[in-house]
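These notes open a run of structures that come right after.
Heads up, the next two complexes both have chain A, just with different partners, chain B and then chain C.
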Partner chain A sequence: MVFSFAYGSVGWEFMEVMRLVVTGPVGAGKSTFIRSISEIDVVDTDRDATDETSQLKKKTTVAMDFGRVNMGEDMALHLYGTPGQSRFDFMWDVLIRKAHAYILLVPANRPGEFRNARVISNFMRQRTKAPMVIGFTHLDCPGAWTMENMAIALGYGSPLIKRPAMVEVNPTESMSVATAIMALIEHL
Partner chain B sequence: MPVSGYLSNFSLSEVLQFAQEGNKTGLLTIQSLPNSTQEFRRYFIWLNQGRIIAAADRTDYQGLATMIIQRKWIAELELRSLIQQCPLRTPLGIYLKSQNLLSAEQMKMLFSVQIIRQICALFELIDGSFQLKTNVQMPYLEMTGINIPATDVTLPGLRNLKNWSALQEKLPQSMSGLLGTVEGPTTIQLNAQERQLWEFTNGQMTIAEIAKELDRPIESIRQIAFCLTVAGLAEEIPFIRAESNTENVELQTISPQIPSSAFLKHMKGFLKKQAKPESTVVS
Partner chain C sequence: MINSEKLNSILQNFVTGVSDIQGAAIVTPDGLSLSSVLGAGMDEERVAAMSAAMLSLGERIGSELARGTVDRILIEGDTGYGFLTNCGSDAVLLVLAHQSAKQGLVQLEIKRLASELKLMFK
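Coming up: the complex of A and B.
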């Protein structure tokens, strides 16, 4: 359990917080995912994208997105979105030590990003035992790969390698996001 | 549903790794783009359970026969007659060998030209398209009977690559390490530089550190590291950069605390109210 202390109108109160990290390559829908479910305006750190990323989108997260879901007075879900551009800097160190679970979002229509996603997945497998779910996004877009083929491209082709749960996610829909988070909770 | 795309997004070496790791069976078509400045190329590679079994620049199943005739190993008329007699579902190469018309060495030479040499040349394509179709006929008349894992052409193909610009974004980062995926010595034929780097696939040193240790340019080590990863011998494992950017954060595998069962139960109930009734979940 992780407890945070918050001072409220009745004095010091216990608050239980679950920390979920949303990660994945550029354009997977991480910021959108958090925005779809967060009750607060997502604290975002978008900056103008540069180089290849700018050909995909105008802005990209350079530090971290943060969102929150309150479930009563003493329970909350905190969501942290990692930067899309793969910079494994000190922030990852903080996230790894604090996160309870991860969701790795992978865009089905961008095979150019599968290798990045595979590297992130390798990182998670090696550095943390926190449960992870893979969420495949953009499955309805032209050129989208199937979930099974993406699983292979991410390095889960061999039956000897245990696959994490894999879900289809539409990051723009709060219902879909909620379903993905529920799939993650099942593995806690 | 065929898997398709562009080599600029998903490189040929990644396609072959995908085909092998996915135990794919079918026909892989590689083709240069119509408006490319390079000479037009189209090549067909047949796979069975992730292994390359035949390849040709045509789909009329006459490629192997043409090679044999060109080398004057068997006269054309005789070969056409033999093809008619070849039992169903028997690779032509195996049949001809069983008739003592071609030797094992000749079969290996044909396979080498058909597969290794031709596919290695495809790595030079700066861009092109690929399509992997399943549910295709086995090309028995193109088959020598020899087969190799799909990634066995990757190392020879990448070793001769002169222009790495198309793969630049795919190369392992200098701040990443390599973790070997094969226990014990590998049966894959590595050259001296690859074998040197292979010794460092214990996930303990970054590529930058390995380059310094081997007194080699970082870029060269990144390229060889890429070769090892797409050949299925290692995986790239990022190291975390410390805030000062001068050293790596020492990491151990973290076992996080789990939220209480009361919390999880409450959260499930909360989310169920927002969740979609149907969703696709596989594991």
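Coming up: the complex of A and C.
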């Protein structure tokens, strides 16, 4: 963890800033996750989707999302959301390098994205030793896989492979997002 | 319907016609290539995504830091320039120029090119 100056409630002060990256494939709920919990207006970079993403949603993140949450008097969480498409992997690289921890969101109802989730987690693992938590989203949607089956699909089937913490998260509910963030902080 | 042949030829003429221009690309605001004339070793897909990311961040800075609507973003490196220009709501123009380029000239040419492209994307 780092200490740095940040603009807090009483002006510039010594504040602990923890940077968390929210990553995962397209449509996992990364931007929603940050919007649900940020105490500031989220800095987003949404643009109209024109690729296959447009079948899923109208807008897509092209650079990053940024949100902030204060944790008590002297600590702030900075949340950075990545784009989901691999053509933006230079943004994954930029954002992960300074992250203290990251959460990989995986949409449970779209097994076609599990492969992309693995691509992203491999990409991150090659660049950071920061802890990762996997957050499964869309578990209440039709066709959602069970967490156990997804763990296997993501390559954590063998008992010989250490599993990262896995949580269920609904990005539209701030309480659920808060719980996921707490899980992430516990692993620091 | 966008005439992609025409788009390519406009871009090709621009790159070959203006001195010290090293490449140009037209991309969608969500980072997909529409047309490009780039030097060897430059990946079209990456160039497109980077252009869109940079312009969106720049536009966000423009609004958040009260700079108004962003017309252009300039990247000045020690071996050359990168110019990003908004061409309406459907296209972003990236122009790469050599460090020896006359900035005023390049910017004037980009302005002309951008207005020509804007008509195509209407």
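We take it that the second predicted complex is superposed on the first by the 174 of 188 C-alpha atoms of A that agree within 3 Å, B and C clash if a C-alpha of one lies under 4 Å from a C-alpha of the other, contacts with A are read in each partner's own complex, and residues count from 1 in each chain.
The definition used in the following text is that a contact is a pair of C-beta atoms (placed from the backbone, for glycine too) under 8 Å apart; a residue touches a chain by one contact, two chains touch by 3 or more.
Because the structure is predicted, anything quoted here is derived from the model rather than measured.
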item: Fit or clash between chain C and chain B when superposed on chain A; value: fit
item: Which partner reaches more residues of chain A (counting touched residues only), chain B or chain C; value: B
item: Touching partner for A:F90 - first (chain B), second (chain C), both, neither; value: both
item: Minimum distance between Cα atoms of chain B and chain C in the superposition (Å); value: 5
item: Residues of chain A at both interfaces, chain B in one complex, chain C in the other; value: 87-88, 90
item: Residues of chain A touching chain B in the complex; value: 1-2, 16, 18, 37, 52, 69, 71-72, 75, 77, 86-90, 92-93, 96-101, 110-112, 114-115, 118-119, 122-123, 126-130, 143, 145-149, 152-153, 155, 157-158, 163-168, 173-176, 178-179, 181-183, 185, 188
item: Complex interface listing, chain B residues touching chain A; value: 1, 3-5, 8-10, 14, 18, 21-23, 169-170, 172-173, 175-176, 179, 203, 235-243, 245, 249, 251, 253-260, 263-264, 266-268, 270-272, 274-276, 279-283
item: Residues of chain C defined as touching chain A within the complex; value: 28-32, 45-46, 48-50, 52-54, 56-57, 60, 64
item: Complex contacts: residues of chain A adjacent to chain C; value: 43-45, 47-51, 53, 60, 62-64, 83, 85, 87-88, 90-91
